[in-house]
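Both complexes shown next keep subunit A, but they swap its partner, so subunit B is in the first and subunit C is in the second.
And now, the complex of A and B:
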């Protein structure tokens, strides 16, 4: 198997592009996919500082690596959720990554802030772990971005994440989620940071290959609380379809983006109010995060 | 395992309804699903004669059996496509079924009509077999219904057929097909027969159980030309999701029907013209069927 571009031995085969690449050409191809995603969705400008949300996994560390290599100004943000050894190891991997490249990393530790990890927070607030975790993360991403003056937060969601989320939203005909799903989430009229997903064109398999080829030492384990999540069933189904018809996964997601404006138009000013507690934009008088924290405090203190 | 309704030993477990039924209660349940489909989609009235398109497979023969048992006036229509022993056996099964119940059956034989089977017709018209077959079938369903005075043609499409077709249409964002997909297809303002799918609430597994319990001797083989069809990949993916989350398949399809009017509205007067050759409603001056047949004639005669 030879590299399609330069004819030296290839390191990876890409059935969806009916091609194969050597290490350098694969890196070049992958970087171009990221640049394409950034420009097609007006994610950020060259001089904009980017807060990169990192978990210690392959996708977010590779994203940070890529943005840094492409010359963007980046700072990492790691949230230690307090899930035992999983959190310890993922923080260690993230810190080692940042130190090795001389990059700035902001760390927020839930146990230090709340005296509880996310599992206990979810339990006390009677919410499923992934749902409570999403609410908490969104709050801290926004808060830290605003406090430190970042207009944009980048996350490592890859094509498999986005296509399987889309698949789940369609299977359940979740119109509000379909309206919100996008590679660039609104900054709510400048009231908070834009969320962007520069890896949405790249499948998990290619991101793993990239991380390995670039010797990024990432945590292999998925979050232990995500076991049995529906998302894995959706991912598996899409992977089977991808094998039967290479390229289908990206075509499915890009097709959605093309049809979205007409079928599932985004509501621009989706959070018209400001939370009376934390000041972040929200739907009601108090935001979901502040309600969740208030509930946990009542339960823990009672 | 006992029947949920009458406590005698059950013959079938239905995880999607979290229940199990004996033979009689299963039949009762299944008939009710068909009646629900008929009334919710205004498929036909009690006194309307129905042309039932039968292939010799479990779904269409079971549909004919059910409609007959429920007291509807039915006539069967079998198209012999001329695919060797598959067509011979399926015609034999269909004729035996009709004879045993004293039901009228109309048979149309492609080799007698055209001198060619569907495989050769597809080849000569440079069309994929399933595509040419669909065009041909639609024409004959309409023609025979109109000639014999039927206002409605019923087909045996089950939930797996409809959900997997929906899945494929969404994966490929086929807006025109999504607009057309429905349990009741328009009669084009009375210009041709309504097409209805009374089994759309019932999965393949339940239809197979029904056919076996009712000793319907059907042809087990799928059409040999459908091997490798994408539809099987979609069906397999949906079956995995159904196992992980019983009831998902029907919820997916019903959710679509609920959202359809807003997201993918049907165009009522979809075929404004009349074919100059055969007189059936069509988009252009000559319909797809007549163009196909003309092409085959030119090729075969040249």
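And now, the complex of A and C:
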């Protein structure tokens, strides 16, 4: 198998593009996919500093690596959720990555802040772990971005993440989620950091290959609390379709983005209020995060 | 050949030589969801692994488990 561009031995075959690439050409190709995602969605400008949410996994570390290589100004943000050895190891991988490249990393540690890890926080607030975790993450991404003056937060969601989520939302006809699903989330009139997903054109296989080729030492373990059994099945189903018809996954997701405006004419989705506790935009008087933390505090103190 | 996998960790012996795509097919592993690594090099689909070779098959699906 030879690289289609330069005819030297290829390291990866990309059936969806009916091609194969050597290491350098694969990297070029992948960087171009990211640049395409950034410009097509006006994710950020060249001189805008980007807060990159990193977990120690392949996608977020590779995203940080790519943005840095493309010349963007980046700072990493790692949330230590306090899930035993999984959190310790993922923090260590993230710190080693940042140090090796001379990149700035902000670490927020839940046990230091709350005296509890996310599992206990979820339990005390009577919420499923992944749901509590999502609420907490959103709050801290925004808070830290605003405090440190970042207008944009980038996350490592890849094509498989986005396509499987879309698949699940369609299977269950989750209209509110379908309306919201997008590679960029609004900044709420400047009161919030814009959330962007520059890897949405790239499947997991290609992201893992990129991480391996670039010797990125990422954590292989999954969050022990991730109950993503459903997502796994959706990803597997989409992979079967992809093998039968290469390019299906991207076409599915891009088709949705193209049709979305007509299918789901979105309400202006701004949060009109400001949380009385933390000052972040929200729907009611107090935001979901502050309600969650209040519930945990009463439970723990009583 | 010796095949290592992680999460959960296991080792599999398979007769070689065999190309990567045949190894994945034999083990019923999707090529969209797995990469084959030797040392720290990525092995393309048509690379042939010798009988005395040692490889890692890495799952690339994240954010969910069976």
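To be clear about the criterion, the second predicted complex is superposed on the first by the 295 of 302 C-alpha atoms of A that agree within 3 Å, B and C clash if a C-alpha of one lies under 4 Å from a C-alpha of the other, contacts with A are read in each partner's own complex, and residues count from 1 in each chain.
One rule holds for everything that comes next: a residue touches a chain if its C-beta (ideal position, glycine included) is under 8 Å from a C-beta of that chain, and two chains touch if they have at least 3 such contacts.
Keep in mind it's a predicted model, so treat the numbers as computed, not measured.
In the superposition on chain A, A:10 makes contact with subunit C only, not with subunit B.
In the superposition on chain A, contact of A:209 is made with subunit C only, not with subunit B. In the superposed pair of complexes, A:35 makes contact with neither subunit B nor subunit C.
Once chain A of one complex is fitted onto chain A of the other, the partner contacts of A:240 extend to both subunit B and subunit C.
Legend: residue contacts after superposition of the two complexes on their common chain; A:226 is shown touching subunit C, with no touch to subunit B. A simple residue count on subunit A separates subunit B from subunit C, and the partner touching more is C.
Judged by the touch definition given at the top, the superposed model places A:300 against neither subunit B nor subunit C.
Of the two partner chains placed by superposition, only subunit B is touched by A:171; subunit C is not.
Look at A:248: by the touch rule set out above, it reaches subunit B but stays clear of subunit C.
In the superposed model, A:57 makes contact with subunit C only, not with subunit B.
Subunit A residues in contact with subunit B (one complex) as well as with subunit C (other complex) are 230, 236, 240.
Of all residues in subunit C, only 6-7, 30-35, 37, 40-42, 44-46, 58, 60-66 touch subunit A in the complex they form. Interface residues of subunit B facing subunit A in the complex, by the touch rule stated above, are 170-173, 175, 230, 233-234, 236-238, 240-241, 244-245, 248, 251-252, 255-256, 258-259, 263.
Contacts from subunit A toward subunit C in the complex involve residues 1, 9-13, 20, 57-59, 160-161, 203-205, 207-209, 212-213, 215, 220-222, 226, 228-232, 235-236, 239-240, 242-243.
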